[in-house]
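The data blocks that follow each hold one structure.
The two complexes that follow have chain A in common; it is paired with chain B in the first and with chain C in the second.
So, the complex of A and B:
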């Protein structure tokens, strides 16, 4: 037990993860030192670089675009990025575990297609939600089972399930169609798409709740600590007696649940479930991008919700500013791609591979 | 005398009828032989869209009636797959390939290759840069021009509106977006009071169109019109307008095949004005064009045989349910 956890926890401690069990209770000074480390540039250069870029962009857009830094625009920005942030929560947990969930968008479309079809066929709202949720649990468990028990690398297994789910969704659920219309006159749908709690859109509040839940999961639960330990050193975590297989299944179920929540929000807002998000869209690319940009390395074991928020804020500010500047989609993709490549290069430069990080399964 | 005359007339009528019948039979036989053993391959961007389903129904109906082979090879929204499917179709040497071009460039080289090998290519609704034997579809320039003129009337001088317009194409390199954008911008250029505040492609996705519209609306609360290039993705834009409580002040324009889904959205106040090219009618036109091509119809040098789809303009204020068509349920 001591070998695996202490090694991984030590690394977490160094890179800003929460305090491990055996280091709790050392008093105020220890906690202060920990927070000092968390906030130090030396420990987290990439996060500071991304924050700097974001601030520079905000400054530039505020100068160039009248009304950029207004409450109204910031709320629209938050609303447009809610689905991305929610999906990012699932993807972040998976990447911290040194996995990857390429099926996340397929799951999102499949469950929201079930939700939409049931609603348009007159099913009760909660029943449609329940059926979609159960499907999400099944698909998440399938991913987890393939990775944990069949031991197919996450990249390959989720790629395969992404295709399987996309095919099943198109021919099994949508019967060859590609679009499901959501009845926008249902009060629950109207509430999610236009409702407000104080000044905040309901979808944004849901996004904040998911972020808090993810923070709690990763930092205050045994399961979350296991994700870090497995991502940091899977073999050590397994040899230390952690139930890594069960944890892996829960991990992919969590990712599928985030896909379910994002799917409900996206379909309620746009009034459609569009299968082409799977085949045409760049959503999966954007989800991985916000996670990696925020400073959660693909090699796993590090990072947290704060990193995800940094990544989401950067991409959302960029997207909103470029939309208001009326830049074409191609230019927007180009800029986003350049920023992702730059972040990866900077990350590799700042965190070069060493004997600890250059282990099996590195992407 | 009269009896003799009547007898002669009767004989003449019988003879004429026999000659006409013989000629008709000859023509029918000739036509039938024109179709015999012929094969058509339809390569759509994706089946499952009412557009492609409507077209395919019209072409398959003609194939069944006239006895030529008909096959659909679905690219399922995968552009790389579409190019491969087209190459495979050329190798299979059908008589006609029906191409639904996602962009003006993607299949250009392969269309030229097919035509050079004697395989006629019928382009349906979305043209390539490369001309081929025939084209059946909408006149995008006309639609873009007409919608722009309508926007000028609704938002331009003396309308009391801001003149601000957001354009949401599907994909900037798709034929419809290229041609409608060009035509609309040419009209707007003559009306300086019209300001295009946004012209960003949605990649045909309703959610992306919704996000663009929500952002643009926040920045331009006095927006007058949204011109979505395709009805389906414009549903997302229309919902953004509706959710912002601006359904009464912002006009949402769209174009498309005019299926029931669109009429439902016009009825729900999501789309205000819609230029329909009636995909069901296009399917019938495509079927007829296939027969003509098999009978040997040829375009003038450097031209294409063309059938332009008639347009139906559906407006919220004068909307009638019968302006849209229904795709029959599959048996």
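So, the complex of A and C:
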């Protein structure tokens, strides 16, 4: 029984995540076959390409830059990419669900602005955190409600909420300022920005925890499996009785929570909440880029945390190396834009769309 | 009977209370929901609300000088909006317009100030710059098939990066340049015929794009691809090239906008064009009433853009900051998208809920018929012989020519001919394609037929059918377009050749006419087709289910059965504007067709019988509405259509005889009857046969065509 089932499911499941069903009672050989499949180049060419490029970059940077491949630099690299990885967790879940959350950065900034303002007005640290968290929940639920119940396509609704949140937050909460200073002398803020657990910075540990939590959510919970099902075929998921609307709301809440965590880390370590990261937009694109680069297709239903990590590693190595090579921010943006375009083109080449049955242009 | 007597007779009858145009909120809602333009009304309404609000709250906003300034500053962004429309119409999106705009402006400035090129070189090169970026986007999305959002996002970042790098290198030099050029300044600042030059550019672009969408093959291809990619592909449109071209064209338009901007500002900053894509997208969504590919309404789009632009401008003047305006725009976007999604989803449901619109209808009490009443059981139709059993399906009307051949319409759209003398040979005479109902012969003995769902048709011979009319004049007070004749029911032809026919209901179809009883409204009308000039006029509007139409024997009056009123109305052909009077009222059933009898009286078919409880229900519109909503149609309270009969009236509308059907058939729901040489032929709309009875004291030589046209022959 076990062999037959796992074989058939092998052919059905080509995404990176483990099989949802029949996890118990699976024979060793079947499990081995599955891992073989999961690691095969044929199934996941993009991941291998990206990994190859990353390795090449690491080699190049190691020879070009002195002290690139040192523990100290790698920890800085990890610390710098933590926020990206955390945001990427939320975005990956949304993209696996075949959605898109363009309001993530707006949510992040709005939430951390509230957090920072409350701190500088002398509020209790946990209270500020709680208020910011509740705001994140509300904003995430708003996004999810617009997508699930009003049925505005995720692209348009999150675009609109991004404008709404960023605009009104800056107008109403910040009175037009674009910077909020976080009191840097608070012990909790110091702990998050510079604290260490053994040799690992606290923010990196938080990032790893979020990655593990996302892995558990996507692979071991019913909700996570629903995200995959909805991303693969939304109508089939709905018709088979999944509570797709509730799941969508939880999905966007999850995305907002990652934005909240990332916001706390970013604002604590930089000491400011800077609204310009919303308006210049590169951070949002970076988040989408790491998700797409790692091999999570925008068509949804595939990929997992592993893919996200690959994407984050590539981008952070690139960023770190370019910074060490003294390239200006504009050149870095240019390179990232080109990489994003190449990733889209490669993704499209590997997972071509069915143009025969496509009635609407895919956005 | 002399005509003088007849006029007196008309004077003595009471006039029918005039049915006025229906004014009910349910009707207005359902009619509005039925209209397609209502979807496009959102931008207009928003725009006018905004304009009114500004007129009330501010002074001199719409002064010529301010309008001139607005026109000067808005036209480049308006052109970008049109560029976005081109891309959205094809089912894509272009987020790189802001970056392209900035880079084009830079290119124009560079070529003008640093390269020192003449304007006629700078201008096309700037356009080429925009077009190249558009071409790149089109290549990514059209040829490679990447998702438009991410691909143009990538272009946006990349182009922005290029712009920032080159502008940092050259902007100081540009701002120090002293080059002055008359044409350059003319484009940037001057007016041509009182309107800024850049606004002229917008006008030209608008008209060109409008004409492109309206008349050119390429424009149609864009809309086809945006409307349904698969269908467009199957229609043989080269998807890829259409997509590439539209992106390129959009890019070139953005380049034009960048050129205008450069000429006006003579500088560019690092924030040039930042957030432009969101601004433009908001205007577009507001203008189109949603994010809808496959629509090329340039003017609506510009209206949406104007709304956003003026709103932003007014808010800025009032001291609000840009962040507030951004928030407002997000709010507008969400609102419009919500309305759009909900409207698209709920429209049909709302329409179905609002469509049925019952009203109070007081039907006259049943007039005492004495011994003729059904209760006395004189079932004279019992012994009828049956013709064409199983071969004619639903003969609503029957008619006989001089030779005695019998014609009737069927449910599947044919007109059957049953040959004299015994009517056993049945052939298809003609196929109409609709649902043939009323029949009449004209002076040349051609059959004229009312086809429900199609209109009025004339049949010259077997298989030769021609349309006389399918439309009448639109009535001014109706929101719904009521030109089309929905349910042509019965007709008769006056001696002068004019064809009077009834359109039983303007709101329901042949399959759903039963709902019209639930409404009990004056939804029908009497129409007149004039064969001399081919025009169709509405003679009397708002009749309650006008059904049978019959010319009186003197040819000067018209009888019209009003089915739900259980009455026969009479019109004076010379004084149609006076409206109808009652000819007979308080009938015991629902009258259908009316036809002449040989003794200068009339036959009236009763399709069904009234019942007191239905009459009561007709006085309670709320009850009927509730019933239609809560109870499945099979359980609705309805008139009794299981038993019918034929009444005979004299020339004054007095009922003088009754031929009732037996309660178990076989001739149920009698909708028509014709007298011909001493026999009466009976048809029923749900029947599958024609009945025939011999009349005892009738004139055996009398027949319909002679009665109508003996004078002319």
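Some observations on this one:
Just so it is clear, the second predicted complex is superposed on the first by the 337 of 363 C-alpha atoms of A that agree within 3 Å, B and C clash if a C-alpha of one lies under 4 Å from a C-alpha of the other, contacts with A are read in each partner's own complex, and residues count from 1 in each chain.
Assume a residue touches a chain if its C-beta (ideal position, glycine included) is under 8 Å from a C-beta of that chain, and two chains touch if they have at least 3 such contacts.
Everything numeric here is computed off the predicted structure, so don't read it as measured data.
With the C-alpha superposition on chain A as described, chain C and chain B clash in the combined arrangement.
Contacts of A:345 after superposition: chain C is touched, whereas chain B is not reached.
Using the contact criterion defined above for the overlaid structures, shared-chain residue A:287 touches neither chain B nor chain C, since it reaches no partner.
Within the superposed three-chain model, A:76 lies in touch with chain B and out of touch with chain C [touch as defined at top]. With both structures placed on the common chain, the touch criterion links A:279 to chain B and to chain C.
In the superposition on chain A, A:146 contacts chain C only, with no contact to chain B. Looking at the shared chain after the overlay, A:193 reaches chain B, while chain C stays out of its contact range. Ranking chain B and chain C by residues of chain A touched puts C first. In the superposition on chain A, A:330 makes contact with both chain B and chain C. Contacts of A:161 after superposition: chain C is touched, whereas chain B is not reached. Of the two partner chains, neither chain B nor chain C is touched by A:105.
Common to the chain B and chain C contact sets on chain A are residues 170, 176, 279-282, 328, 330.
Within the complex formed with chain A, the chain B residues making contact are 46-49, 76-78, 172, 197-201, 203-212, 214-216, 218-219, 232, 235-236, 239, 242-243, 261, 264-265, 268, 270.
Looking at the complex, you find that chain C touches chain A at residues 90-93, 140-141, 144-151, 153-162, 164-165, 168, 225-226, 228-231, 233, 239, 243, 274-275, 278, 281-282, 285, 291, 293, 320-321, 323-331, 333-334, 337-338, 341-342, 345. Interface residues of chain A, counted against chain C in their complex, comprise 100, 146, 150-153, 155-157, 159-168, 170-171, 176, 279-282, 285, 288, 292, 298, 328, 330-331, 333-334, 336-338, 340-341, 344-345, 347-349, 352-353, 355-363. Against chain B, in their complex, chain A makes its touches with residues 65, 67, 72-73, 76-77, 79-80, 170, 174, 176-179, 181, 184-185, 193-194, 266, 269-272, 274-277, 279-282, 320, 323-324, 326-330.
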